[in-house]
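In structure tokens below, several structures.
Note that chain A is present in both complexes that follow, paired respectively with chain B and with chain C.
Our next item is the complex of A and B:
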């Protein structure tokens, strides 16, 4: 069995890609529902993801084939294709919010005038290029991007801490379970990243203590997100709900920034750079699964269908995005919960047999 | 061939990124951009918002060593419309990215001030870290002042509002974010510095630009001259005169304007409800911020003998609020610990020098404790009268005594029992 990834790359994958898409609009979504208890909402999502990761580590340990193989062994050809089709839709919908929020962020923050839809085309070119590549490219991206993400994140957090009113989190839990869980439910489209790990099963040689490494790296990335949520609320408190793009706002109250200028944009641009790749991940996996389902050998065809489809979707629904957002927040949550969190929990129960999928071969 | 393709790809990616992130696609001709450094907002007699934008006009010329400026006023039914109107009548695209100051005219205090500031807190076109201040009269007039401090008046104002560590914390500055956060907090209480103009003539004499501006001596003699200002001890002195927050004239021949921002305007639910005088503003800062290296004037320390005045430097201040809330009682204690040293006095003491090893005379310590206690009580009385909870007592009740919050949230200012403990120490 030829492995395309190293355990190190799996770990860095989570560090590089997990935090970056969750620090644009997500903090204000949590705050809208749970106010000062938003960090508890975030924690609920993290626990759900960690439980799924924990289960999948067991699957990785005993699997001697990839996820496609595991599905075929357990559900047969038709059954596995149905499940994989659901995952194509899952990853496609999962990509909508992060891509659209970054599109809005760039248009509103960097452009004085209203740019047309085609200004965001470069993202799709990059995403398309990544989607065409083998899975080992994802590992190489993670090898480089974890440093960029970490640097940008540390710069922004470092500039923010001086303005934090940590007592703003008090009193804990007063918003009630309903508000906290509503926040978690609405944020499900940003979470469920453990599903990525499912498609990385069988792609790396599992050695002793690898599970521990993966689990703690995921924990570290999740802690970074939680830290950002706490900082966000403690800086903005009663006006947090209107800070739609927290990334630009969080660090600019530092006296260093006021005296010297907005050098925090260095950190912001580093995060934006990493998030281009992070946003491409759902589209990459959707393309990969589509190739598996349809049996298309030329990966550029499925990549074109998925990336082109996303571009057309965003273009068509650009004026109806509030409605799209409403449906994703209120109705798609259960879909994300089942495919992003619950199904991965049962991955260790899938039948393992030696059956390597040809798609991953060189 | 393989490497050529890689190089082409890398070049293409780099080009796309540079084009995308450098805002190339949304380019506006630089000559059509108005770089707004400050805006003043007033209400016109026809009940419209009047936004005066101070625009910096950079010139690539060695004939004029200083940047030119322009003040353009636009009108509209909303603040956004008025800003749009500035662009409409000037032909410049109003670029608010560099706007660091918002001056609110006195005419706007008759309505909820958040009607004006909400626009700035929501839009991403302006930094919501921009400082906010209230002009004693018209905002536009304040912005149109000529100051010896800087060719551009807004820069001069920022110099006195935003002080580096080491200066006295005699001004209570706020920015859009802080003001709105305070407004939307449980207590709906916010504040901003009230800036008064001080004319400086050739002879170096300073005249207050406002008829109701209390001079330091007036403040001392009649601390309750304004119904909403806090009372202070009769023996207390102004800790900082208006000129102390202003820089001296650079010696220009014409009358020049300096600014005094040591008074603070108080807002409750967005409406102006009172002012804090110079002493109360200082005590507010000592209670809520790091006041290290702030100087404090202590007058008539030994009343039985000749007048002894001291200048004290606060080296460390630690303030906390202790609250106990039960079904029957709400008790709030303010504890202030100050570590300081004598910087100067108006009489010679042979055995006292200004080194760190000099101990604080007990008389000075007692007088300072007495004076600070009186001023904190004065501040609390102002809070009770105006309902502007600048000390965030309600927030403390919500955060630390949530079980009793519903009981006291509407009447906490009336029923709370307050205690003040001030401890002044020096070198031991």
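Our next item is the complex of A and C:
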């Protein structure tokens, strides 16, 4: 087996890509449902993802082929293609919310003078460009981007921490389980990143303690997001849901900004840079799976279908996006839960090459 | 065609092909044997020819055969040739050839004498501290400079000739046991496949060695200094010398190489680290600053602090050009001045500085054609790029591209262009070596000579970014 990635790159992949798409609109979504218990909602999503990561580490340990091979061994050709088709749809829908929120952010907030849809359109050229690259390139991007994400994140958190009123979180749990779970359910579109790990199975040589490294970096990235949520709520309290783009809002009351101007934009620009890659990941994996299902050798064809499809979808539905959002929040959650969190739990049970051959011999 | 024993026939055949008037056919005698000495008048050392070839020949008496002839010549560079094509090639390369009647072999002597430039400090890599020798246009001199530094039998030179008309000598240099054998083999194959009229400089060969023909990024390294080349081949790289060029090509190439200045290795690690960070920061600043300023001015006024914004507003009042066109225009003026100052005779260089810097700049601002901040940004960007002169051409193109994108699509367009550049850089490989190593793929041990300069005693291993057969560079006493 020729490995395309290093364990280090898998770890850095999570550090680089996990936090960036969750700090635009997601905090206000959580707050809308769970108010001061938003962090508990966030924690529920984190626990779900970590459980899936934990299970997949076992799959990585024993895998002697990639995920496509494991599926084929367990469900046969047709069965694996059906499952993979579901994942194409999963990643496609998973990409909608982060891309649209960024499109809105760019059009509404980032451009002070010329809000224009065409300012965001070139993103699809970059996502297409990433999608035609081999998985090795994704690992190499992570090697660079983890530093950019961390720097941007630390800068924003550092600037905002002085305005935090931690007491705003009290009392815990008064909103009730229903509100907390509704928040978690609505946020499923942003979570389920553990599913990426499934498609990285067999792409790296698993060594002793690698599982621990992957688990802890995932945990670290997840807790960074949780910290951001807590800080965000503690600054804006009950008005947090009105701060749609938390990224630009979180540090605006910092004394540094009052004195020298929007210093926080350095952090925002770094996060925006990293989020170009992060937003492209679901489209990348959708293209990769589509190539596998259809057997298309030229990766640009499936990349064009997926990225072009997303572009057309967003253009067509830009006027009715609140309806799309409503459906994703209320109906797509179960789909995300099954494919992003439940199915990965069963990956250790998938048949490896060795097991398959042993069965044939018997 | 093989030489015959008939002298007249052989000479007739050679004269048919060597018709130029600077080629001398001198009748000679060795005892009872008639012969002809062939050489190019202006590139052969006639004094040595007389002392080492003609004088010993005149001493031969009576019946003379091949064995007597073989022993008589004193020239240390002596070869036996049997083919007329080989004789012609060697004569044109500065050898003298002696052909005798009844002998079906010719003797050739390396008596070449070219005028060559003295060894001086190369203008592209001047140092305050450290060796000042630089390569020259003569291949033998360059090889001697390397032999002086590496007195090991493992230092190998493999000679090739390329160019249908120029017949340029090329030497592949590497250290056996360190350099990757596959790489040496591949380079030899690539160079021998070059079919071109003439090779006038090593940059011709460099273009054939790159695996991505249309890339704007450099794909092979180069140096003009023997100390730098020694360090590079000791890291596992392979060098290509081209006769007539003082610039030696090295393969594989990493982008980080150009941020490493020769001075870094002769100064303290601390000052070298600071210098490297400054270089990196300068290149980033130079490439992004004009584009970022235009994007902020056109689309993102919130990015500019209020007091600076007021200064900009007052300075751009009445400027007829749009911010992006103004920046583009000023950058173009800078590039024109740059181009002119390189090619202009030195005695008018001062005039260019005064006219360009003071008259054009100062007057353009006071006449209200361009604004003072734009002029300052272009000047800063221009100067910053020269902290890494090797990358100046590449990054000035990228700067223009970014400016175009920022002027059309604003800050987000710029972010996307940067993302595209990063993807391109991390996926770029030449000879299976990633261009962006050791940053991507991240090789922590190689960072010691990457973004910062570690202490020499820490760099016990050769860089992992480059494939080598021997990883250990240094053993410290007492350590296993």
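Everything that follows uses one rule, which is that the second predicted complex is superposed on the first by the 348 of 362 C-alpha atoms of A that agree within 3 Å, B and C clash if a C-alpha of one lies under 4 Å from a C-alpha of the other, contacts with A are read in each partner's own complex, and residues count from 1 in each chain.
The rule is simple: a residue touches a chain if its C-beta (ideal position, glycine included) is under 8 Å from a C-beta of that chain, and two chains touch if they have at least 3 such contacts.
This one's a predicted model, so the numbers in the text were calculated from it and none came from an experiment.
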item: When chain B and chain C are modelled together on chain A, clash or fit; value: clash
item: Which of chain B and chain C A:104 touches, first, second, both or neither; value: neither
item: Which of chain B and chain C A:236 touches, first, second, both or neither; value: first
item: Partner chain in contact with A:133 - chain B first, chain C second, else both or neither; value: second
item: Touched partner set for A:260, first chain B, second chain C, both or neither; value: second
item: Touched partner set for A:64, first chain B, second chain C, both or neither; value: neither
item: First, second, both or neither for A:171, with chain B first and chain C second; value: first
item: Partner chain(s) touched by A:144 [first = chain B, second = chain C, both, neither]; value: second
item: Listed stretches 260-268, 332-340, 404-412 or 458-466 of chain C, narrowed to the one that overlaps chain B; value: 404-412
item: Shared chain A surface residues [contacts with chain B and with chain C]; value: 106, 110-113, 119, 122, 125-126, 129, 269, 272-273
item: Contact set on chain A toward chain B in their complex; value: 106, 108-113, 115, 119, 122, 125-126, 129, 167-168, 170-171, 174, 236-239, 242, 245, 248-249, 252-253, 257-259, 269, 272-273
item: Contacting residues of chain B [partner chain A, same complex]; value: 9, 13, 16-17, 19-21, 23, 25-26, 28, 93, 95, 121-122, 124, 127-129, 162, 164, 175, 177, 180-181, 184-185, 398-400, 402
item: Chain A contact footprint on chain C (complex, rising order); value: 298-306, 308, 409-413, 415-416, 418-420, 422-423, 426-427, 434, 436, 439-442
item: Interfacial residue positions of chain A with respect to chain C in the complex; value: 6, 8-9, 12, 106, 110-114, 118-120, 122-123, 125-126, 129-130, 133-134, 136-137, 139-141, 143-144, 260-262, 265, 269, 272-273, 276-277
